[in-house]
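Below, subunit A partners subunit B and then partners subunit C, in two separate complexes.
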Partner chain A sequence: MQMDLLQQAIAGLTTGSIYALVALGFSLIFQTTSLLSFAHPQFMMLGGLFGYTVLARWQLPFEAALIGAALFCGMLSVVVEFLVLRPMRARRADENSLAVATIGLGIILMSAGMLLWGPYSLPYPQASAPVSWRLGSLAIDQKSVAVWISAVAAVAALQFFLRHTCLGIAMRAAAADPTTASIVGVPVRAIAAFSFGLSGALAGLAGVLIASLYYASFEMGAAGLKSLCAAVIGGFGNLPGAVVGGLLLGLFEAYATVHLSAQFTDTLIYGLLIVFLLVRPQGLLGTAQRKI
Partner chain B sequence: MNRVRIGVLVIGVLILAVLPLALGEHFFIHLMTNFFIFALLTMGLQLLIGVSGILSLGHAAFFGIGAYTSALLSLRYNAPFALALIGGALIAGVFGLLMSAIIRLRELYFAIASFAFGIMVSELFAQWKPVTGGHDGLIMIPLATLPGLTFDLPSKFYYLALAFVVVQYLLFSWLIGGTFGRALEAMRQNEQAAISVGLNLTLLKIVVIIVAAVSAGLAGGLYAHFYGSISPHTFGWHQSINLLTMVVIGGGAGFLGVFVATFFLLFLPEQFRGAAEYSTLINGIILVLFMLALPTGISGLGSLVRSAVGTRGLSSVRLARR
Partner chain C sequence: MRRPRFFVSIVAAITAVAAVLQLQVAKAQTGDEPIKIGWLGALSGVLAPYGLENKRGVEFAVEAINKAGGINGRKLDVIYVDSKFDSGFAVQSIQRFALQDKVVAVLGDISSALTVAEVPVTARFGIPQLASLAGTPKITAMGSKFIFRPYPAVTLTYGAIAGYAVDKLKLKRFATIAYNDEGGLASIQAFTDTATKLPGVQVVASEVVPVDTKEFKGLLTKLRGSNPDALVVAAAAPVSGLIVRQVREIGWDVQLLGHGGYHAVQEFRDVAGPAADSMVLATTYAPGYYKHPEAQKFATDWQAAHGQPPRDLEAHGYDQVNMLAWAIKQGSPDRTAIRDKLAGLKDWPGAAGVYTFLENGDVKKDVVIQSWKDGKLLPIEVYGVK
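And now, the complex of A and B:
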């Protein structure tokens, strides 16, 4: 029983770290632009599919797929921001209209994924037989470890970037107070585009990781949308909160699937989001906000 | 309402009323009844989005709650049609009340919550097999009957649905035309100013959300008893997007604009095979293009046409004129 729980915790932390990467993107975009992007999970989907092309068509190593998908989705995300969201924000469109535009964008991106890669699930090619290590009766497979290492490295790199680089500090300044930041010379609009790129890159990375566990498919975005729950649980717009929320969501999902009810897991996850918004809208790590 | 509009409406309703007499049990009558049910839905969504500036991304969930509740009341408890319909609307309203608690937060949070609610409810319909029948849904839902009346032919149900549309349209117009409507308009244009003149915005929003939920619940009850069978995919995320697209296209021209948009988005996929296949993509493209093109965004939909027609178009001027 105890081992059972531990085994589920391992599975939960694996998917949880992927949720965390996508949730970080949701929160990063929200912090710098006050925008809820429903298109964001579709970059995870495109990352997974692009990773398939890198691995299966171009026969490059896994690291190349990770970096390639991150670059591809990052750039695409910047393009989308530039073409659609920037003109809207320049007109001071309200946040509801922006959210609706991202819903449309999400649908277009999903259709693009289906048209370019087809409607079938695409499992990644296996270089060798799957390796797993045993710790007592506990099994830890290589893929999960690869996911953990990649996720931790990505979060550490993001943390370093935001704390210790000029651009990262400017980004935090723009998030905290765009007006003041622009007065002291922070290029707020460029920062917004950059945060989209960064979020897209994180989502692309997450897409390759989740596809390495299961498969790549144009419908993967639905799984990425669950990260919105992770972001809300941790506190929407709160970056450490996104990581904590992602991991907790992964653990909850793994536990609920086995011990509560497999078919109601998604219902429970979205129910959890609503409960959090009703009871603790600032999330686990957030502080109480003004009512606006 | 001015005289011209009343005239147009009366003539429109009269034409719709004689249509079944002219066509008989034509398939078009069936399609029109479906359109009436969707018109009830998009009217409610327009009240939320276009009139009040509340973005709801889970409208199909309230539709589904009404449909499943009324179907279950009829199937399991042999409730008469009227009672089943009211029961469905009531339960939808209760969920609307529950969700409306989130509107006191930032606007965007309601969008997130309504999105999550929509997915949660459609998942529940699909998975709760013993009650909802799972993916297969519910079948053999009894015919709609009222004392002395059985709506066994599409042309009969057509009149019932038409009556609901007319009544709801008059009700909503009355609601928006009066003091309540002016309060909504003030809220949509400038929340701070509306608060400063003593409006309780939270209460206003709660009322609007509940009204929209009840109307969607009624539409659901009608839908279930018209088709005799329901399944979860009718009430999912795609349907919410569908309804949203209808409101985005037509909302600028008020409820009548929404009717026209609803009509075309329902009928185009029926006419062209290709359109049905790509309907989701078409919705996505429409949403992006409209958001790029509309100067005021979605919450300004209601006043777009009025300001285009008016000489000044300034909202403050319009308010003062009243």
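And now, the complex of A and C:
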């Protein structure tokens, strides 16, 4: 029984790390550009599909898929920022219009994914049978561990970058007060493009990791909604909060599935979200009065 | 002065159209005109692979019948329409089949949802409809006297796998995991109904999962805790591939049971990988495994014509046309006469088994038990459905 609970925790941590990786992107974009980008999960999806091309078509190693997908999604993200969001900002569109535009963008990206890769589920080539570490009846598969480590490593690296590097501090300054930042010489528009590129690269990485666990497909961006929940529960815009929210939501989902009802888990998750928004709208690690 | 001339030309045009129509009507009334059949299915979109597969089988049968001189001297003419996953369009197409094309029967649809929309319409026009793939139990539960489903519903295969697992594999304790959709729930219901009627058999645990779940290890651990002899999986690929893979990833060595429509497809095997090996499936077709001459002849002819063995929906498409031809030959190419003959179809030997229609229009026919081995499907035996 104890072993079963541990096995369920492992499943929860894996789902949670996935939520965390995507939630991190949502929060990064929000922290650096004050935008809630609904298109973000679709960059993750394109990353997963691009990784499939690298691994299955070009037969390159897994590292190449990670780097390739990060570059591909990062650049695509910059292009999208340049073609859609920047002209909208120049026409004084407010955050709400931009957020709505990203819903449309997400749908376009999803259709593009379906057109380019087809409506199929594309599992990554498996060199061998899945490798698991065994501990009595407990099994821990290596790919899941890789995803856990990636989620924690990604938040640590991003946190370091935003707090301790010149560029990172400039990004935060540009987000907090674009006018003042530009007066002191921060190239605000270039920074916004860079933030978008960075979140795109992160989405690309996440896509490859997630697809390596399951499979790549044009509809894998659907996981994005729960990641957004995770980001809100952790504290929207707060990077460690995104990871904490993701892991907690993953564990909650795993235990709710097993001990409450698998059929109504989603109802419980979104119920939890509403409870959080009512009781603690700033999220677990968020500060109470954030300017939006 | 222009108006009268314009008016005259309109009248002339209408008269011309009317004359052409009259001619066509006159032509249709002569005896050696082709017998028209409407085909509805997916030729584009996600379901297109299934639609095209079924269409190939239909075309193959029509070609053979027409080559042999048709039915009582009249050739078959099938009008193929892509239903485009749009129930409004599908319903309109049936209206056009009924009123304009004057078809004697409709073949289709592929999608369950579209077929559910179509059944009341074919019933209203009194056109016999032979569904091609649509698996939901609803289709034959709507009370239409004109719907027939030669392709076995999931309930038939899941009932069969229950019988086989108890009879032949001597299993007693089952756990089930199903998709929270119509097919998944109906499958498990059928399995449970059949299995629990047998002496000493128990379904010890059942789980239903939302369709977008991808991580099952926790839930599978719980199912393992109930210590079943076999796990019944009722979910479509690719997700069922993940379930099966994760069963092995948590090191659970349990007999897996499933059904051809979900698990005999390459997409399932691609995702499940070697974990699919030894999973036992009740399938609706395997070339060469039905021993009666009609099935053997079809498999040989198809192999000769296409250079590869026939697939499930190709065989069923071929049978759809041939049972229709049989019904016409027995009586006349009249909608009601065809319906009456089809309703009495019993022990009819086709390419994909021996068919008998039940009162609601569902089929009763034997399944082929198959198993995955080293990436290939291995037929085991034909198993009789009680």
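Following the convention adopted for this analysis, the second predicted complex is superposed on the first by the 288 of 292 C-alpha atoms of A that agree within 3 Å, B and C clash if a C-alpha of one lies under 4 Å from a C-alpha of the other, contacts with A are read in each partner's own complex, and residues count from 1 in each chain.
Note that a contact is a pair of C-beta atoms (placed from the backbone, for glycine too) under 8 Å apart; a residue touches a chain by one contact, two chains touch by 3 or more.
All values derive from a computational prediction rather than experimental measurement.
J.: What does the overlay on subunit A give for subunit B and subunit C, a clash or a fit?
T.: Once subunit A is superposed (C-alpha atoms), there is room for both subunit B and subunit C without a clash.
J.: If you stack the two complexes on chain A, which partner ends up touching A:281: first (subunit B), second (subunit C), both, or neither?
T.: first
J.: Look at A:141 in the shared chain and tell me whether it touches subunit B only, subunit C only, both, or neither; answer first, second, both or neither.
T.: second
J.: Quick one: is A:75 in contact with subunit B, with subunit C, with both, or with neither? Answer first, second, both or neither.
T.: In the superposition, A:75 contacts neither subunit B nor subunit C.
J.: Just subunit B (first), just subunit C (second), both, or neither: which does A:105 touch?
T.: first
J.: Is A:56 touching the first partner subunit B, the second partner subunit C, both, or neither of them?
T.: neither
J.: Just to be sure I read the superposition right, which of the two partners does A:7 touch: subunit B = first, subunit C = second, or both, or neither?
T.: After superposition on chain A, A:7 lies in contact with subunit C alone.
J.: A:64 in the overlay: touching subunit B, subunit C, both, or neither? Say first, second, both or neither.
T.: Neither: A:64 stays clear of subunit B and subunit C.
J.: Mind working out whether A:119 is in touch with subunit B, subunit C, both or neither, as first, second, both or neither?
T.: Only subunit C is touched by A:119; subunit B is not.
J.: Under the stated touch criterion, which partner chain does A:263 make contact with: subunit B (first), subunit C (second), both, or neither?
T.: It touches subunit B and subunit C both.
J.: Taking the superposed arrangement, what is the smallest distance in Å from a C-alpha atom of subunit B to one of subunit C?
T.: Taking the overlay as described at the top, subunit B lies 6 Å from subunit C at its nearest C-alpha.
J.: Which subunit A residues contact subunit B in one complex and subunit C in the other?
T.: Correct list for subunit A: 263, 266.
J.: Quick one: in the complex, what on subunit B touches subunit A?
T.: Listed in rising order, the residues are 49, 53, 55, 57, 99, 101-102, 104-109, 111-113, 115-117, 119-120, 123-124, 127-128, 241, 244, 248, 278, 280-281, 283-289, 291-292, 294-295, 297-299.
J.: Spell out the residues on subunit C that touch subunit A in their complex, using ranges where they run on.
T.: Counting only subunit C, the residues touching subunit A are 45-46, 180, 207-210, 212-219, 221-222, 224-225, 237-238, 241-242, 245, 248-251, 267, 270-271, 273-275.
J.: Where on subunit A does subunit B make contact in their complex?
T.: Contacts found on subunit A: 34, 36, 38, 84, 87-88, 91, 93-101, 103-108, 111, 225, 228-229, 232, 236, 263-264, 266-267, 270-271, 273-274, 277-278, 281, 289, 291-292.
J.: Can you check the complex and tell me which residues of subunit A touch subunit C?
T.: Listed in rising order, the residues are 1, 4, 7-8, 10-12, 14-15, 119-121, 123, 126, 129-130, 132, 134, 137, 139, 141, 213-215, 217, 222-223, 254-255, 257-258, 262-263, 265-266.
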